[in-house]
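What follows is a single structure, and I will ask about it in a moment.
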Amino acid sequence: MRDPVHGLISFEADEERIVVELLATPELQRLRRIRQLGLTCLAFPGAVHTRFSHALGAAHVMQQLILRLRKIHHELPISQRLSSECARDAIAAALLHDVGHGPLSHLFEDAVAHACPENARHHEAWTAQVLCEPGTGVNTVLGQHDPELPARVAQLIAGHHELPYLARSVSGTFDVDRCDYLLRDAHSTGVGYGDFDLAWLIRSLRFGESHDGQAPGLAIDGPKGLTAIESFILARLFMFQQVYFHKSTRAAECMIIAILRRALVLLQQGVRLAHTPSAMHALARGEQPPLGEYLDLDDHVLLETIKEWRHAEDPILKDLCQRLHTRTLFKTEELFGEAATKTGQERALALVREIAQDAGFAPDSYAHLDLATVTPYEEDRSLMVHFGRGPHRCPSEVSFVLDRVKNESLTRVRLVFPGEVRERVQQALETL
Amino acid sequence: MRDPVHGLISFEADEERIVVELLATPELQRLRRIRQLGLTCLAFPGAVHTRFSHALGAAHVMQQLILRLRKIHHELPISQRLSSECARDAIAAALLHDVGHGPLSHLFEDAVAHACPENARHHEAWTAQVLCEPGTGVNTVLGQHDPELPARVAQLIAGHHELPYLARSVSGTFDVDRCDYLLRDAHSTGVGYGDFDLAWLIRSLRFGESHDGQAPGLAIDGPKGLTAIESFILARLFMFQQVYFHKSTRAAECMIIAILRRALVLLQQGVRLAHTPSAMHALARGEQPPLGEYLDLDDHVLLETIKEWRHAEDPILKDLCQRLHTRTLFKTEELFGEAATKTGQERALALVREIAQDAGFAPDSYAHLDLATVTPYEEDRSLMVHFGRGPHRCPSEVSFVLDRVKNESLTRVRLVFPGEVRERVQQALETL
Amino acid sequence: MRDPVHGLISFEADEERIVVELLATPELQRLRRIRQLGLTCLAFPGAVHTRFSHALGAAHVMQQLILRLRKIHHELPISQRLSSECARDAIAAALLHDVGHGPLSHLFEDAVAHACPENARHHEAWTAQVLCEPGTGVNTVLGQHDPELPARVAQLIAGHHELPYLARSVSGTFDVDRCDYLLRDAHSTGVGYGDFDLAWLIRSLRFGESHDGQAPGLAIDGPKGLTAIESFILARLFMFQQVYFHKSTRAAECMIIAILRRALVLLQQGVRLAHTPSAMHALARGEQPPLGEYLDLDDHVLLETIKEWRHAEDPILKDLCQRLHTRTLFKTEELFGEAATKTGQERALALVREIAQDAGFAPDSYAHLDLATVTPYEEDRSLMVHFGRGPHRCPSEVSFVLDRVKNESLTRVRLVFPGEVRERVQQALETL
Amino acid sequence: MRDPVHGLISFEADEERIVVELLATPELQRLRRIRQLGLTCLAFPGAVHTRFSHALGAAHVMQQLILRLRKIHHELPISQRLSSECARDAIAAALLHDVGHGPLSHLFEDAVAHACPENARHHEAWTAQVLCEPGTGVNTVLGQHDPELPARVAQLIAGHHELPYLARSVSGTFDVDRCDYLLRDAHSTGVGYGDFDLAWLIRSLRFGESHDGQAPGLAIDGPKGLTAIESFILARLFMFQQVYFHKSTRAAECMIIAILRRALVLLQQGVRLAHTPSAMHALARGEQPPLGEYLDLDDHVLLETIKEWRHAEDPILKDLCQRLHTRTLFKTEELFGEAATKTGQERALALVREIAQDAGFAPDSYAHLDLATVTPYEEDRSLMVHFGRGPHRCPSEVSFVLDRVKNESLTRVRLVFPGEVRERVQQALETL
């Protein structure tokens, strides 16, 4: 198979046969209808790649990683080496790690969390359910290989495995998910900063130190791979700065959340909304939707729903959907310094709500404070650095740049509101 | 704006202001919901880029081309130079050239042409209508600049303009449409063969020879640009071989056409099909749909419709839609030599229809002959070659490789049928 | 090791250990002082890469090829599989294939062939001598592995091996030499046309058909690799058109040949030329230089010699060297049509010689006819194409474009002369 | 012209004509014989690009920068805009900024500085001399345009100009020199970390704030360019970590310095060394060599000299030259923590000198402490950041990562010694 990021992708070995079977399941095919970056394509027109290609890419990176680990696993006692079964499990985990993802990136989750917190449920939980609920295509395929496989792969996706180096490859500072999404998002957005040297990084991987006879975690060979890992971590920082925290993306996301929350409120009030997916009805009733209904949700469905809601009776829902459909995005103002502190934020939000109200916009739907935050490098000993002599060390101990950014957070605070009140908001902020 | 193919795209000059206005129209925003390559993503998972980004890209290439032409247009009499108005028209034409495109690439057109030939209508006609019908967003924007603009841009898109070099830039052997789609399709599929050196090609452009005081067409500077143009033409050949004529893509396209044809037949028979877009009803009634209904069609709508038709009563429609939705694609067998001649094709098609019938598949929907053909290099004097001394010459006169491929056609002939009868078809072909 | 073309290069397996040992020999280190493209950097400033990096690259491509062949060699009887010894031999052959190369690309060879035809000796002969002459670093390393190794590797470089698929990998239509030099020359010159998809090509390799129990040659899997091989062959054609046959490069090469020929004539006349390398003295005496003297020649030495010869007494040698040193290159006029025929060439050369003579330039040194010719695709059954059913076929039978270019030659005919007589030559050509 | 880094390079405008004239001077042609990265190619075989292509590249970047500045200079009073003369001066300065560079990167300078500190002279001083000394090719060309031009360009290269934004483009945090060398070094070494988005960076340039009616400096548009500038600065950090401070490069550089110092000592003692360039004799006599002799030095000359010195009588010089010629590089041990402090360094050096002495190696030539240090981001207000509202700010005020690295130094401390004593040095270090 051709992949725009990795070039050649193929799964031909015996232990990789499971990939071909899993790809044919409806749950994986559904990922073709979910974009990796949700509404980011409103800001970066090329960013329309799907979670399906990301899943393939992650499985491919896992293949490369396994190839590397096998080149060196003779260093380990036989019981800690990478058996064919473990390899299969790991590739399946990489392919399936997002199979329970909701539509429009994380937005659906967030909206539900806001509107009915008691029903908030992370996509990770849905993923586990897709794997373990009898009757899903994925569960059937996995079960045919080994009745324990669904549970084992679900555990691995959650980061649990008796081989720490494998667990950390699925979920850690440097895992196959991040490896693929950074490269893929960079390729599709045209933002070069997400690039890093994956081949070199994988080549410089080693096993970490063993303690008490336990299998080791992952480490990198310092002289070879330190800059590669630095550049990987900075690539992630830069993608957050440029893409994931982009003001238009964040504004569009606020709008989607406002739309979904408004719709849930209306449904809870008993309003009838045509073309509403069943899963939304369940959520509005305070129930978790059955898996089938949940999986019926995808980007197409939700965007078509929003298109239909342009004809809803509720003026707020109608207007928000119309704006989104024609890409009349909310505007943003970033808060700095004093205004960005907790107190400043509260005052600024109060202000923009007041202005919205004055202008005839319901503040709950039209005036938002958007807080975007990430810690580009959390040091957690999941990836150590090895130099010729001496013990394995944390990256920050030996890296000029990681030492200076570790555990520090990057935060963007923004007010989000309709373009109609932009000037008034700007004036108000100046006098703040 | 960031573009994964061209890097930076921006429209800041006065004559480019129109782009920003046009981008805000619903007709251009609709292109976000139409993939450039239709179902090709079933074979190349990355190929999900939209006509929206292609439209932007084409306008960007036109900008670059105008920049180049202006560097050299002092050679021409003032009346033949590239005025600010002409530049604006050309950029608008590049941006709008596909604005009337139907969903799923050319498939919708093809299906209509099959099912109701009297209503067959090329997307070019729809594009002209979007430009010229009062009330569309595009018509309004164009008309605000100049009441003659809608008609003039429509003419230019059709390849007519008093400046031949401009007409050929919009529609010719080397036009901005091809320039962008080759690069973009190559980038998204991961097939490297579509790459060529656009910057160098544009840099080696010159004006052609003038005849009888007429404005000239386009030419390239031979020593600098001949290999660039050869490589451009071969890139197109290679993309046809590898992507546009890929067997899985063609199989999926056969399925879509079979689905749409079946649906039209059912509608004509008065069968009620839930969730059918209005435009389809009009077509079934033998009427051209109104522009608004036509524009309501996009990839999302059609794929959602197909998803719904999985629950149709008609067993054929139901089955075809189910297969497509779960990516259970038809299989293909390519015909070579004798079997690929007109007679051979007829015999082979008769055979596969018979086999399908035997196996309980309605031949009209399940047994197809797929003929894919293209002439990679049609020589038409729209792009001449200039060497230091002597007259302008046709590329084939001076090119080793173009001389050898000019006006020759590449054809792929394939039988297309359900996987269930594959073995029987293969056996039958061997005894043919 | 980092390589600008292939990224990561490393030789870590047991059978690759020999590479590290060979790299330390003075004969391989000498290749650091020989540029891959000789004087091409006068036309493409970036083209200064060395035969040393090409040798490394070729060995790397061989590694990749071996990896691929081993994935599929279980199809063959055990005796025809790729043993560890064969792999080692092949990698050594790839690394060493140019080890006897003369300075300044093929120019030194050509000059000697002109000036003392009886001493003409291809670099292939020198390569064999470096391998087989006791006492060279290369011979010692090879001999330590196996006393037969020097002879065996020399045979393999010459294209002889009991495993045809291996022989053809070292020397054939698609061999590791071409694979590396096309990519490397493209990368360094900045000419994109040399690019092709090496990974994909290697992935689509298969074994050819066996005849009479003999080991097979190479083939490619048609559906996957045909376009890749077409694009490889066209890449080569384009590199010839754009780089290897570039007029400035060819002019500079004419000058070098004129310089070396003049120097040999002077030496033969007993003239003393300071700073002349010993090997030149031997050649002038009509003797083959000893290997050590030959290997003392490299680009640095020859260019330094030319720098010194600017102070020679002979006015011709002095002037030619001065022109080359300051990059005052000869000019060229290409001959087309009638003028490019055998008779036309003779008349044109006579003409330019006369003009040179008139202007006070010795025709033997200042007036040249330069004939550059290549057959981009010679079909020789060294690489066949395999489709699912039916026998292996020649590429031209199944390729649209190769069918049309096979066994055809591309020729450039040019007059080469000092800039001072350019106008007169142009005028004379017009009246020809 | 084709460039492997920037693609197309051409100088066609009137104000760029001077480039073509300057390229023909012997001083610029000399840069073809000086590699940009000296001996780095011993560690990165591809790194053989020359200062000639870097000079071209820097001039090209300056062109791009001027294009950008002219798009926005209408904001400035006419007297502060970029006149045609200023543009010409700036492009000439970019092209010539390294014209006085010594051979083998900065090594020749360093060696002279060690051996005869009173004669230490930076290449900047030589550059100024090439420009201003009557009779050089460069001086002649510049003078023909304007008698004041040589001095003016020399001033500009030194960072002095009445338009601060122009001065900073030639010499500053973000100048055309750095822009080109980072990309070029990354391209040739195959180390991806040097890449950054030059086009985007240039597009986000603006003028800084004016103070007291003075012309402004440079600034970048924050929302657009901040990540670009961060990535530029980190690219430089990474190139230092991976390439410029690479242990093999540094070891080879120690050897060159040891060789040159030894040779100067011998010459000062009256020893006759065959093939020694005249400039070395002058330096040994305590004199500054005349410009002509200095310019006769280039990489070829120096490496040929070292080749010859393998036959010197002095056993130290002989041995060092032999080692370098056959790439038998010194080994290194990096010092960390306590051992890397000033005191630790002294003790470690004493130790390695003692070990060398014991093993029969003259410590002055064979035992070295190599201190490599750089401040990746020195904040100096030469490039400010502009956000929509509010004053221009220093990058570190608004950048997550630059705030954390500003004015901090990266240092590598290494012992350098012959491989023969490696084990003893390692053992000694462990007991330190």
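Letters A, B, C and D mark the chains in the order given here, with residues in each chain numbered from 1 onward.
Everything that follows uses one rule, which is that a contact is a pair of C-beta atoms (placed from the backbone, for glycine too) under 8 Å apart; a residue touches a chain by one contact, two chains touch by 3 or more.
Owing to the predicted nature of the structure, the values given are computational and were not obtained by experimental measurement.
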item: Residue-number overlap at the chain C/chain D interface, same or different (half cut); value: same
item: Most distant chain from chain D by Cα centroid; value: B
item: Higher-contact pair (C-beta pairs counted), A-C versus A-D; value: A-D
item: Interchain centroid distance [CA atoms averaged], chain C/chain D, Å; value: 34
item: Chain A and chain C, separation of their C-alpha mean positions in angstrom; value: 51
item: Chain A-chain D separation of Cα centroids, rounded to whole Å; value: 43
item: Touching two or more other chains - residues of chain D; value: 7, 197, 200
item: Touching residues on chain C, where the partner in the complex is chain A; value: 7-8, 10, 197, 199-200, 203
item: Partner chain A, residues of chain B touching it in the complex; value: 1-5, 7, 24, 26, 29, 32-33, 41, 44-46, 48-50, 52-53, 56, 187-191, 300-301, 303-304, 325-327
item: Of all residues in chain C, those that touch chain B in their complex; value: 192-193, 195-197, 200, 223, 226-227, 230-231, 234, 237-238, 241-242, 247, 376, 389, 400-401, 404-405, 408, 410, 430
